[in-house]
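In the two complexes below, subunit A is the common chain; its partner is subunit B in one and subunit C in the other.
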Partner chain A sequence: MLVLILRRLAYAAPIALGVSLVCFSLVYLAPGDPLQAVMPADVTPDMVEMIRHEYGFDKPIPVQYALWLWRAVQGDFGLSIGSRRPVIVDVLGSLQNTLLLTSFAVPIAFVIGYTLGAIAGCFPGRWLDRTVTGFAVMGVSVPNYWLGIVMVIAFAVELSWLPATGMGPRGSDAFSIFSLGDLRYLVMPVFTLSMVPVGIIARSTRAAVAEIRGQDFVITLRAKGLSETAVIRHVLKNALPQVLAVMGLQFGYLMGGSILIETVFTWPGSGFLLAKAIINRDIPVLQGAILLLSLVFVATNLVVDLLQSAIDPRIRRA
Partner chain B sequence: MMQIAPSVSNPRRLLRHLLSACALVGLSLSQAQAGGVLTVAMTAGDIPVTTGTPDQGFEGFRFVGWSLYDALVGWDLSKADKPSDIIPGLATSWSIDPNDHKRWIFKLRQGVKFHDGCAFSADDVVWNYARMTDNKAPQFFAQQFALNRGYMTNVANIEKVDDFTVAITTKFVESLFPYTMSYIPMVSRCRAEELKFDWNAFAMHPSGTGPYRFDRMIPRERLELVPNKDYWNPARVPHQDRMILIPMPEAATRVAALLSGQVNFVEAPPPDTIARLKSAGMQIVTNVYPHNWPFTLNFVKGPFTDVRVRQAANYALNRADFVELLGGLATEEYAQVPPFMPYYGKPVRYEFNTKKATELLKAAKCYPCEITLAISTSGSGQMQPLPMNDLLKSQLEEAGFKVNFKVMDWNAMLEIARGGVDKFPDIDGYNGSRALVDPVIAVIKPVAKAYWSPAGANWGHFYNAEIEKLVADIFTEFDDAKRMALLTKLHEAENEQAIMIFVVHDVNPRAISPHVKGFVQSQHWFQDMTPISVE
Partner chain C sequence: MDGSIMPTRMLLDIEDLTVRFVTREATVHAVNGVNLQVQAGEVLCILGESGSGKSVTLRALMRLLPAGRTRIEGRITLDGQDVLSLDRKRLQAMRGGLVSMIFQEPMTALDPVYTVGAQIIETVRQHRGGSQRDARARALELFELVKIPSPERRLDAYPHELSGGLRQRAMIAMALSCAPKLLLADEPTTALDATVQIQVLILLRRLQREMGMGTIFVTHDLGVASEIADRIAVMYAGRIVEEGPVADILNNPKHPYTQGLMASTVHAQDRQADIAAIPGSPPDLRRLPAGCSFRPRCAAALAACRERVPTPVFPAANHMARCFRVAAEMGEGA
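== the complex of A and B ==
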């Protein structure tokens, strides 16, 4: 297992380096000047040069990359162009808030999606299957920002059951998952966020279960006289690695934060941070956030790989 | 020894003490909450920077800049029925040196203290100037340099005359110079030195002389300010107990937050939500203010070099349709500044007349007249740019124009605005809303040669000898009444030249909970939040 972990880590290193190169290139790939947001409308060329120098954009590109990478390895992603706050502080703070949403949304999505998919897969072509598939398609198709706005109108504005936005009356610093009052702020963003993965996981599970039910070993199990319940247990266990891979991907996507959902609910997570950085052309924040999120994605896939190997020995041997 | 508990042997006396105690507790609680908590949903995507001159446009000044800090020159924001103008701030008076019209003397207010307790004096003004301009000074802060340079263009030097007098030397004679000093907040030297010029630390512990003190901030989420009870102007000590500023860029979210009671003061509710907000009992506050939504034009190349084409574009527009499109949250724009401004005068009124527009285009031999206009999908003060520009295109084309839009995001538009006509010669005009806060920004910068882009805001390199002379006369005229007459003449001349395509003025809508009292919406981009209390 240790060899497997080391091998997977070795695969992850060049991916991380490649991601770092893409992130750094953002400064030059993105249209517009990254310093635009902080410069006055009638700035003169000599002032632009002075500002460039102060912000370190006047050095040769390879030198800028080397310096940036060296600092990034030490956890220093520089300062935000807009706020001049350390990027790492903003990115880690926002990731923490998104992690909170994701840690609720992913298990909920997995339990609901896996259950619905398993039911549909066990009754292919029947009304139950069609109903679940219809629900899954709806989950994937309904724009989640629209769902978020509708929920806000229904549950916050009209019924006053839940708060409309934010992370509580004192902000994220004072947010506690042990406080019922604070947990109310999680309900709508978590539900909205989990709708897409519910659909995706349900469809993947349904496909996997339906496929496995047709395999030879299932016929063998039935021929051996196992009850249908026992057969389904075997089928579900075999479907798990595939579903786990899908769930891992969904976790990675959700950690990237849903820009739209976090904006609708003013949830100060990584999506909200990225949206603001894009609007303000805050390239250091974009670089830091995308690099860290990519590393989270790579790490998530690594963990999923290892979990799959643990569940299914065939993968370990492959 | 002081008796702290009543004798239990006398029940009536005990009851009386208990009632008194309850009354005292009740009184103190009611005093503590008399002003309530004002929670503002801003349109900004982040907390404006707290280290002096804020970012996030004039919204940053409105809520953060002028809450924590003061400038030498202030703005009178106390009235809703007349235009705001400059008033003494940290300077009690200013005057031009009679022997040198490039030298201004500012007398400073005595007895003013920063939030950290340090006294304000001429040394602080000189120190703040170095903070923004001298990259060798330990207090130099590139961010503030960048944010301030637009305002410091004409400042050559600031020197201390005595403890409460400074002399400011300008690069050229500018009778309107005091307006410049209304955009430069004074931050505390003591606090900066105490924090060893760590401006990130300063951002979390800012110290100014403003009516609010910093209490706490969660970056990107909220800034909480409390009244500065020792504010030098007792009339502007905040009436509320606390002001919480929340960045909420999504308009629908701001409205939902107000309707659900999470905030009680919302900036810029969208026009289509006004009826719903009113039905929920919210106050919708609007007022005229110096804003316009025009097209800035190219005077170097293309059809708009001909004044008849510019006039045709202005005659082609039915501004009433734009106001209707915006649910009444705008006024028709026929000139550079709105009619309430003191130098509006009697400009030519380009009433909707498609036939006349067509005739002008034919006379200019530009029929059909193909033009390329840059428009943004959103942006600060841009109102509803896409539907408004669809309407504009249809009306211009009705008159004989052929409109090509280059659609871009706000930052790309800013690049065009800053690059100037030399960098973007094929753009015939761009749609950027303007803050016409003072006469220099409003009517001088768009036409004077000294402000040709990229060094200044005359994007299209407009030049007219008569107008150039008027600008020179304005800058050298130190008599207020005579200068106002010249400014009026300039405004009228600009309109005759149709220097822009005038469309609408915004009316600055805000939605406010019925529990919020005392807000007076001035005719300005800045607003005074101090008189507000929350029931």
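== the complex of A and C ==
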């Protein structure tokens, strides 16, 4: 297992490096002079030279990249142009807020989606399957910001059961998942956010279960006298690796944040941060956020990989 | 077999079994009135080309065919129980307990994400209850019985970690785990290498004798059938066209189809050289011809073959053939 982890890490390293290269090149890929944002309007040519030197823009590009990467590895992405705080602080803060939503939304989506998909896959073509599939399509296609607004109107405005927006009276820094009061703020954004993953996971589970139920070994299971429940347990375990892969993708996708949902619920997550950085042309924040998000993605894949090979040992050899 | 009818009660009695698969597009007449008996401890080989309904027959008698589109008629009596009317509980107790099945492809027939040991333990506990530890001890015993080397270690192997031969041995161990009275083996050696094939065949024969199981052994290989069978039933287009003691069938085949099968397998120098493999191909099971299904390929067909399905005739004791030509020859002889 340890060997496997090391090998997968070795695969992940070049990917991470590639992403870092892309992040670094953002400075040059983005239109306009990267220094324009930090320079005063009445700058003299001498001063431009000085600032260039200060920021290291006069060095050869590979050297610049090495320096940038060296600092990035230490968590130093410079200062945010927007907030004037260290980029790493802003990025980690909003990633943490998004992680809060995601780490509730994805497991919930998994449990619901897997259950629904399993039920549908066991009765392909029957009314139960049609109902579940219809529900899944709805989950994927109903705009979730609209759903969010409807929920706010229903449960916050009309019924006053749940707080409408934000992360609670103590703010995002003091939010605690051990406080019931704070948890109430999670309910609606988590529910809204999990709709799409529920649909996607239900559909892929249904497909996997229906396919696996047709495989030869299922006949063997019945032939040895197992009950239908036990047979389904086998089928579900066989379907799990495929579904985990889908779940991993959804997790990574949600970690990027949803600007629409975060706006509806005033949730200061990574969607918010990214949108703000793009509008402000805040290149350091974009670099830091994209690099960290990519690392989250890579780490998620790694975890999914390990889970998959723990379940299905055939994957270990690939 | 000495040719006399034994007074023992039949372990398995299949009467007039018909299996059709009904879909919107077509109806597949896979099995068309099969009668078979197996006594305790006896090995019956079902011999026939692929597509002749051998697997469907076996699956029907364990009720493993897809419920929705399968129409089964006839009567199957196994150890005194009416299989087709068993409720779910009894059916589960029957499967793997009273009768078990070995499949052709041990790679796809075992669950890839459980160790072979776990799959045997599960079977044992399903039928006999007991602790995990006891079931594992039983599994180990079975692995030793089927001669799997380093059995303790192999119990914890996943199917893909075993060779084809070992996988099939594990499959056999699983099938025998609850000492069934009837073993169904559906081409258990077809997917294996020639040398492994023989080892597995010898193993099966030995275990069958030791445990005294009635066995139906399906194959399309005459050589395999002659190794293991007490009796042979030749199947064509969902019907048993000839049946009898192994020596009778091999030395004195009566049905033109059986004769053709022999000719296409047996070495030319042993037989008349001019008998060629059977020309033509098996009929479309969606549109069976009226009369004898083999008639379109038969060199010896008579006028009657076109009109009616031949009724069984007995050219020798316990030797049945469904053929008008055989009936006619018997008439001449008498």
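Miscellaneous remarks
The criterion applied here is as follows: the second predicted complex is superposed on the first by the 283 of 318 C-alpha atoms of A that agree within 3 Å, B and C clash if a C-alpha of one lies under 4 Å from a C-alpha of the other, contacts with A are read in each partner's own complex, and residues count from 1 in each chain.
Following the convention adopted for this analysis, contacts are C-beta pairs under 8 Å (C-beta built on N, C-alpha and C of every residue); 3 or more make two chains touch, one makes a residue touch a chain.
Just so you know, these numbers come straight off a predicted model, no measurement behind them.
Which of subunit B and subunit C touches more residues of subunit A: that partner is B.
Judged by the touch definition given at the top, the superposed model places A:P62 against neither subunit B nor subunit C.
After overlaying the two complexes on the shared chain, residue contacts for A:N238 are found with subunit C alone; subunit B is out of touch.
Of the two partner chains, subunit C is the only one that A:P313 touches; subunit B does not reach it.
With both structures placed on the common chain, the touch criterion links A:G82 to subunit B but leaves subunit C unconnected. Once the two complexes are overlaid on the shared chain, A:S160 sits against subunit B while remaining clear of subunit C. Of the two partner chains placed by superposition, only subunit B is touched by A:I279; subunit C is not. By the touch criterion stated above, A:S227 is placed in contact with subunit C alone, subunit B being left untouched. When the two structures are aligned on the shared chain, A:P268 is found in touch with subunit B, with no touch to subunit C. Contacts of subunit A with subunit B, set against its contacts with subunit C after fitting on chain A, share not one residue. Considering their complex, residues 31-33, 35-45, 47, 50-51, 54-55, 79, 82-86, 89-90, 93-94, 149, 152-153, 156-157, 160, 163-167, 171-173, 263-266, 268, 272-273, 275-276, 279-281 of subunit A touch subunit B. Against subunit A, in their complex, subunit C makes its touches with residues 59, 62, 64, 92-97, 100-101, 103, 105, 108-114, 122-123, 126-127, 158, 160-161, 174-175. Residues of subunit A that touch subunit C in their complex: 215-217, 219-227, 230, 234, 237-238, 311-314. By the touch criterion given at the top, residues 45-47, 49, 51, 55, 135, 142-143, 145-151, 153, 199-200, 203, 218-222, 246-250, 252-253, 256-257, 259-262, 409-412, 414-415, 417-418, 445, 451, 453-457 of subunit B touch subunit A in their complex.
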